[in-house]
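Structures given as structure tokens follow.
In what comes next, subunit A is part of two complexes: it sits with subunit B in the first one and with subunit C in the second one.
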Partner chain A sequence: MPRIPVVTLSRYLLRGELPHRECLRLSRPLRPTRRPVPGAPSLGLRPLHSESASSASVPASIQTPAHVPLRKQMKDEAKKAKALGKKKKKNASNQVIEGWELTVGIEIHAQLNTARKLFSAAATSFNDDPNTHVAYFDLATPGSMPIFQRETLIPALRAALALNCEVQPRSSFDRKHYFHWDQPSGYQITQYYEPFARDGRIWLQSRDGIAAEDGDGIPVRIKQVQMEQDTAKTMAQAESTHWIDFNRTGLPLIEIITHPDIHHPATAAALVRKVQILLNAVDACVSGMETGGLRADVNVSVRRTDDPNAPLGTRTEIKNLSSFKAVEDAIIAERDRQIAVLDAGGVVESETRGWSIGSTETRRLRGKEGEVDYRYMPDPDLAPLVIQNDLVNHLQESMGQLPDAEVDELVRDFGLTPKDALSLVALDDGRRIEYFWNVIDALSARLGPDCTTRLSCFQLAANWILHELGRLAANPHDDASRDLIFTSDGQCDRVSVDALADILHLLHQRKITAKVAKELLWVVYRGIVPSQYDSIVDAVETENMWFRELSEEEYNELADSAVDGQDGILQQFVNYKQYPQGKLMFLVGRMVRLGPEERIDPKNAEIVMRQALEERYIPALRQDA
Partner chain B sequence: MKTTTPTAMCTQCRTALRRRLQAGQWRPQQQPRRALEGRRSVSSSAATPDLAPSPPSSTRPNPRDILSKPTWSVRSLLAPNPAKDAASTTTGSPAAEPEADSDSITPQTLHHLLRLSALPPAASAAEEAGLLATLRAQLRFVRAVQGVDTRGVRPLVAVRDETAAGVAAEQTVGLAALRGALAREDIVGHNRRPRRRREDGAAAGTGLARTQAPGQGKKQRREAVAGVEDWDVLAGATMTAGRYFVVRSGNGSGSTSPAAKGGSTAEAVKEP
Partner chain C sequence: MSIHVRLYRSKVPRGVCSALAVSRHVPRRPLSSVNAYISHAPSRQDDAPHRVDGLGVAVKDNIAAAGLQTTCASNILAGHEAPFTATIVTQMQRLGYSVTGKTNMDEFGMGTHSTSSAYGPVSNAEPIPDRSAGGSSGGSAAAVVTRSAHVALGTDTGGSVRMPAAYTGTYGFKPSYGMISRWGVVPYANSLDTVGIIAPSVPIIEHVIHSIREEHDPQDPTSLPASARARIAKERTSFVPSQRDMPLRGFTFGLPLEYNIEELDPRVREGWSQAVDKIQDMGGRIVPVLLPSTKNALSAYYVIAPAEAASNLSKYDGIRYGERAEDASSDAMDGVLYAKTRGTGFGAEVKRRILLGSYTLSSKAIDNYFIQAQKVRQLVRMDFDRVFKLSNPLRDESSFDLSEMDETIVLENKLGPSQVDFLVCPTAPTPPPKLEDVARQTPLDSYMNDVFTVPASLAGLPAISMPMDIPTDANSAEERHLDFGGLQLIGQYWDDLRLLGVAKELAAKVSAKAGSNQV
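Entry: the complex of A and B
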């Protein structure tokens, strides 16, 4: 753009004068610059939403219509398209494809939490030195026999009971034959013909993260739960070399097989997540998907929705999914692939496929011709297992409160939202909720038995433990680098249960303001309370931080002074379509600024101001008008 | 299974016995079709009267009585004496004989079988006759066993004590058996959930116990379980690398290469 002389520019900007020395039809078109010239008051560039009455908008004649900024252009086009109805509806949900029904069945393998392996007395381990916990039978040494370790039944039965299964009084073990270097004996001992538990059910609710299309919740039936052996750990080293660690051989696993009741990918991921939480809660499986303690295989098939009686389509199996997101992504990718194949007129083959994180399509691992004949046979070395009812009943009674019941209790008794309740239960591996219960106990003791406002106090506690404590540890300015650590019985070193209960109790009684309370929390976190002050009350006393609220007359005086000179705003309260809450809060803010801030409770100030407006100021205005 | 009197019979034998008793009165001569039954024992003593107390007055057959006298012997099926063979055909079940006649072992078949088994041919005619007779008798026995009606009888998986007492002793797991393991648990938390006490000293936590990814963190070292883990696990390996077994997949076979115990190899652990 050619340089415009500063004189010309200043004259135009400050006085609106066009240069007239040249012909009006300028060879170089003179356009008003959009950038504000430094130092000059931007007459034409004042923000358009300013309230000032003396705003001088740029005269329309100076605006050249030739240049329309790109953003405006796109907005106009979008508006036009929308008006014409041509705008593509954004398909935010990839859970359903029109015209097709997805059916998913899941098989979950989980490592049981036991001291010994399943058929040998070697110890279970996670990360020990390789090949240090291997018995003769684990290496299939000739002459070795399996010896069923009965203690492995405890977590297995607990898992089955948590999934509401019926425990079979009699179950037996079978051999599943296939050759692989991580299976020294050439067969895996499993329970193919007679599993130890059948016919269970999990209830998935909307708070568990299922697809929105599944509504409030769906039940997913469990077909069976069976015990089986784990294989050895393989580490691929060079091209074709593998290092084998047999510590993991023979570790007890349970396989949970569901019926194909799932129809959306997000629900499948939610099911796996919920099973992990459930198994962890009953101490059956304490390592999750991230550490390899839980693995999921999914079976996916699609069919058209136009015929409800059509049989289910051919299913493919996706193996070795190792995270919840992988489960969902793999199901979506496989569903899309199968639909593409069927749309193109092809046939979906029944095969085994794999998924790697970050890929867009499943890849084929093994086709039908590579299917192994497992030659299942009852294992003659192992006697059938007969489980007595007294054991099952004892385990059922001593399971404790399950996660669903816990969250329901929090929602029902404390009025927490499901989301908050789930967060509270999941934070710090379940230690924060223990801390919460301890604080509740401490508060109950302080409140006394006949307090009517317990619920609001407890809700305050829940809010603080969820959000305020997190803020403490997140602050980077803290000099001490210790984190906020909770113990498994719900104690905390830095913010003790009693200290927090004291603060919350004072806050609930409105003896201190929220701001002061947060300061006190900070002080406790820093360790200043036990070191410099004896207790919370002591600290408040010493620093004179009690909340001495203004009296009613003082509030009214303050309201008067705040309203002074704000006639323009008061006018807005005279005739209004909708109560101008924003203006009210502005006035309240003025009150707080003018008055002693630490003595004002904003809620009460708002009430007083509202009342004052109704009773005094507006009628006064009306009389004047 | 509930029984009023303790008995040493398993369910299968009971069913078989009951069926046999219901089929008719116990008459050794009248048993059709079954090769096992009705054979008079060759070696049994002279008196072989009707075995079952057939008078209608006894409502419950006494198993002890029934089992006290043998009804047949293996030798009845293995009769090497051709005369006895012929004699037994008149009294025995007709069903077994035609089978023996139709595919009896001819000398040619015998030679063929001996060649297939890489056994030396018969040295003399007498030896050959002896081999033939033995083989025929053995086949008769096998066919007799195969002819038993096994409808409704569960296939035998292993020979076990399947009586009520045996099942209770060996196969049943009840609360009493697991009291020890259940005592090694703590009840933790507001939810009163049981948690197994771990031997490696980790406290019974309320949440996910293993939060480290494999390969990180200090490797634990624990005492080997006496009598179970205290043997040289790697002794039989042809190839090892440190404390790992080494397997070569693909065409390069490592099974014939000599044992190569590596030194302290860096165990870069990558989960496959």
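Entry: the complex of A and C
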């Protein structure tokens, strides 16, 4: 969950205003000042200036007397909590319960990224009109037959290789029987007896978000990966009516089954997240958990830790978890339930349970006596799948870098924090990192081979691609076409690789300020470059936004005016336990406000101010004292 | 030169036409009383002009033909019109046939007497209308024997084309599994289902098989690929009679001793014996062979077929097509989804086999039933592979270790037991039984009927049933019209053309009626 900005929080607390996004969005824009003013004098750029000016005024509006105590209060509480050694999030106590060991195995279903269904030539689709991509076989029309679509094997094999599995030279398809309206033939074709891949392994690292108890990392073994058909989509209507969309029937899925190697809830969630990142990285999977392309079932059992030779406890299965958080929360709830049952002298029954988002406990779906006997039978229409080594080898060689190696490279060679590196790799199903590499290439070309500050420029790029671009997308707007969409080859229509590289290059050379750079980004995002200006340089030139920094003399004059009348603040620099950096920045802030902002580099202003304080004002005060 | 040989030498299509020309002079027997059809093609006379001389093909009601119902003789598919046409029907249309209608059958092909149809039982034609026409393709055989169609399509899962042929005195051919596409054929047991042909004479069948045997259907995953067809065709020859008076010289026929069962009607046994004599008269060599797995084949069949059927029939829930039990607010019963629809839609025999199959696939029983049956199936195939001279082209060449062979098998010489070109045995243990007796049979009794036809189905081999004369007691009015039985020839995989060639030679010799028909 993202951190709620203080602004939003204070608005909610003090004025009862809700953030106006998504379904809560009001038809009337709440912040009219943020909108570009149509017909404003200097066309494109001015509104931006005015906007940023107005956004700068937002903090002013919250500097009401009531606000300060709130911020202070929150700060104090955080300090207190820190002093007590409590972690903000991920309460360690919910990962382990003293005296008990939790064991978890996971089954993950992911939709393969293919053009056709598993056994019919009907197209795969996501949100098309219902029942428009349905072959006779998908409807189980009598007399129709399954034809295995070989192309589906490619992403399936990529997935298996990304999970370090052994691809089986021979596998086969089986029918799993059960009656449900979403299953037209009365059975699902899957690979029960002979899956196409076995014996894989995922190495989970601490940066993947595993529980602290798992230390630096743990391996999780993959038992098998199998191909299978998806079911139809049910659309519940009023009362007892259900509409069925057969577009989804027969879409190719893989089911990934792990060994019960996981002992902490956070690690289970980390595994599912990691699998999603891996599948996206090798282009095996259509979409993430959020869009329903990935679903997980977890098997949970507990046993007392006093006897290490005791067999695993009776397990229950929680079906159909559709988010990482649900995986973790459902496991915690189920573990606690099982322990409570055992503590009360009861027995855990083998059963299937369900979980709804936001719930605090799992609910029983059916017990063992209600379990369906799936009557697995080899499908007599489908020949065994024979996969030869040359195909596997080819896919292995052409697969490219896996996310872990990519994250390592970003941390090692680009100096990114592991957290930033992971986000960059995971964002937009792996398309954001492709965009990053394109920008890096474009910057390399601009910097030339002899540039000594390449690394800091690349770090700047990473920072912008992660955070500044994110800010564009987070800006509330009504126009879906304004969404930042990254293509799988790492392009973005709204902010082209070249435009961003131009901005970053100018910023890196200190030819423009960060503030101007950010405004330029908005300009690009809104399409004003290239509609009104030919290029970034043209825009800077026309609007006279080149960074003409103050001279040292001018800086010093500015420092003097900033300090003027701030004697109380200055006093704090005379005697201190810790250097009052906050006060220094306050004075620097005054410099920026008082001076010509576009000519000030805050870093240099800070240096000048620090110097002025140390060399002139403080000695003067000390003398006074 | 006999007419018979001249027929052979003429071009195949002319052979077909002349055989049909003869058949048209035979007086039609009343059609309605036999209940051969479930639905008729509308105004067949107005059909496409390219049709050769109004040739008609009757199509079993589990084979789809667009524009006509495909009900599988089941209430659960009442009124169901297939949205496409089966590949084999398209192929027959291309050969100049037009569909006369959809023929009656045992519900979903499950039965031996065509009495389990939702449209009432099929009965045999005059002069034995009180007798079974066989099943499950009984309607197709009845359509041929009453001359309402020149040829009929059936399906043979465990004998469903050969049994009706044996009971109606027609020719019923089950080709090698994978030769004729099953696209559009409603499955009963996919690994056994084979489209078969019922005709009044062998040349008609030969013509059809000759025309389509090379055609792979990409819509059927079990249709033998074109490359495999080409490879196997190189290892196969068509039938060439060695000498005019001894056309079968050089051919060896195996007499499977296990087929001489206690339940075999003495007259059928005698007919079989006479047929064997005829083969020898024609120069063929007869050797006894042992197929030790035969005794388990029937049990294996009645595990595998119901298991696949239970799976295949789970699609009938009344939602997307067919009949739904609408009289209640829901088609569920006691909270069980579809129970009402399936409970009222399926007939007793279908329900029995679904239950059987569901049981043998259940997690507790599968090892003892389904898996065992699959092993028996392999043994049955190996039995056949061992006795045939030709090797099975779908298997790697494997030599049989004599020490592993059943000790009851007689060795011909130090190289092993004698090997044969064809097996010759009865199709059915008895002449067609009375329908009223059939009604009194237990399911197990009627399952017994399939004992001779099931082994070839399990191994996917080509087999033909042809009429053969059996001795009659001149004093018995009842026996007078029951003067025929079914003689079955079984060949090695994809030896269909040679099998049909031999059957054509043999037809007139083993059946006096067939001889007279061709004059």
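The criterion applied here is as follows: the second predicted complex is superposed on the first by the 331 of 625 C-alpha atoms of A that agree within 3 Å, B and C clash if a C-alpha of one lies under 4 Å from a C-alpha of the other, contacts with A are read in each partner's own complex, and residues count from 1 in each chain.
We take it that a contact is a pair of C-beta atoms (placed from the backbone, for glycine too) under 8 Å apart; a residue touches a chain by one contact, two chains touch by 3 or more.
Just so we're clear, the structure is a prediction, and the values are computed from it rather than from any experiment.
Colleague: Look at where subunit B and subunit C land on subunit A after superposing the complexes, then choose clash or fit.
Modeller: clash
Colleague: Looking at the overlay, does A:G400 come into contact with subunit B only (first), subunit C only (second), both, or neither?
Modeller: first
Colleague: Would you sort A:W181 into first (subunit B), second (subunit C), both or neither based on which partner it touches?
Modeller: Touch partners of A:W181: subunit B and subunit C.
Colleague: Where does A:P380 make contact in the superposed view: on subunit B (first), on subunit C (second), on both, or on neither?
Modeller: both
Colleague: Taking the superposition as given, does A:R548 touch the first partner, subunit B, the second, subunit C, both, or neither?
Modeller: neither
Colleague: A:K325 in the overlay: touching subunit B, subunit C, both, or neither? Say first, second, both or neither.
Modeller: In the superposition, A:K325 contacts neither subunit B nor subunit C.
Colleague: In this superposition, which partner touches a larger number of subunit A residues, subunit B or subunit C?
Modeller: Greater contact footprint in residues on subunit A: B.
Colleague: Touching A:Y136, do we find subunit B (first), subunit C (second), both, or neither?
Modeller: A:Y136: touches subunit B and subunit C.
Colleague: What is the contact status of A:A121 with respect to subunit B (first) and subunit C (second): first, second, both, or neither?
Modeller: Touch partner of A:A121: subunit B, not subunit C.
Colleague: Determine, under the contact definition given at the top, whether A:R510 touches first (subunit B), second (subunit C), both, or neither.
Modeller: After superposition on chain A, A:R510 lies in contact with neither partner.
Colleague: Counting only touches as set out at the top, which of subunit B and subunit C does A:D429 meet: first, second, both, neither?
Modeller: So A:D429 only meets subunit B here.
Colleague: After the overlay on chain A, which stretch of subunit C ends up in the same space as subunit B: 170-178, 206-214 or 260-268?
Modeller: Comparing the options 170-178, 206-214 or 260-268, the clashing one for subunit C against subunit B is 260-268.
Colleague: Does any part of subunit A touch subunit B in one structure and subunit C in the other, and if so which residues?
Modeller: In the superposed arrangement, which is not itself an observed complex, subunit A uses residues 136, 139, 181, 380-381, 383 for both subunit B and subunit C.
Colleague: Within the complex, which stretch of subunit C touches subunit A?
Modeller: 63-64, 70, 72, 77, 80, 82-84, 86, 182-187, 189-191, 218-222, 307-308, 310-311, 313-315, 317, 319-321, 337-338, 358, 361-363, 366, 370
Colleague: Quick one: which bits of subunit A touch subunit B in the complex? Just the residue numbers, please.
Modeller: Against subunit B, subunit A makes touches at 113-115, 120-123, 125-136, 139, 150-151, 153-155, 172, 181, 234-237, 239-246, 280-283, 286-288, 290-293, 378, 380-381, 383-388, 390-391, 394, 398-402, 406, 428-431, 433-434, 437, 488-490.
Colleague: Going by the contact rule at the top, pick out the subunit B residues touching subunit A in the complex.
Modeller: 157-158, 160, 167, 170-175, 177-178, 181-182, 184-185, 187-196, 199, 203-215, 217, 219-222, 224-225, 227-229, 231, 233-234, 236, 241-250, 252, 254, 267, 269-272
Colleague: Can you tell me which positions in subunit A touch subunit C when the two form their complex?
Modeller: Interface residues on subunit A, with respect to subunit C: 136, 139-148, 175, 177, 179-181, 184-187, 373-377, 380-383.
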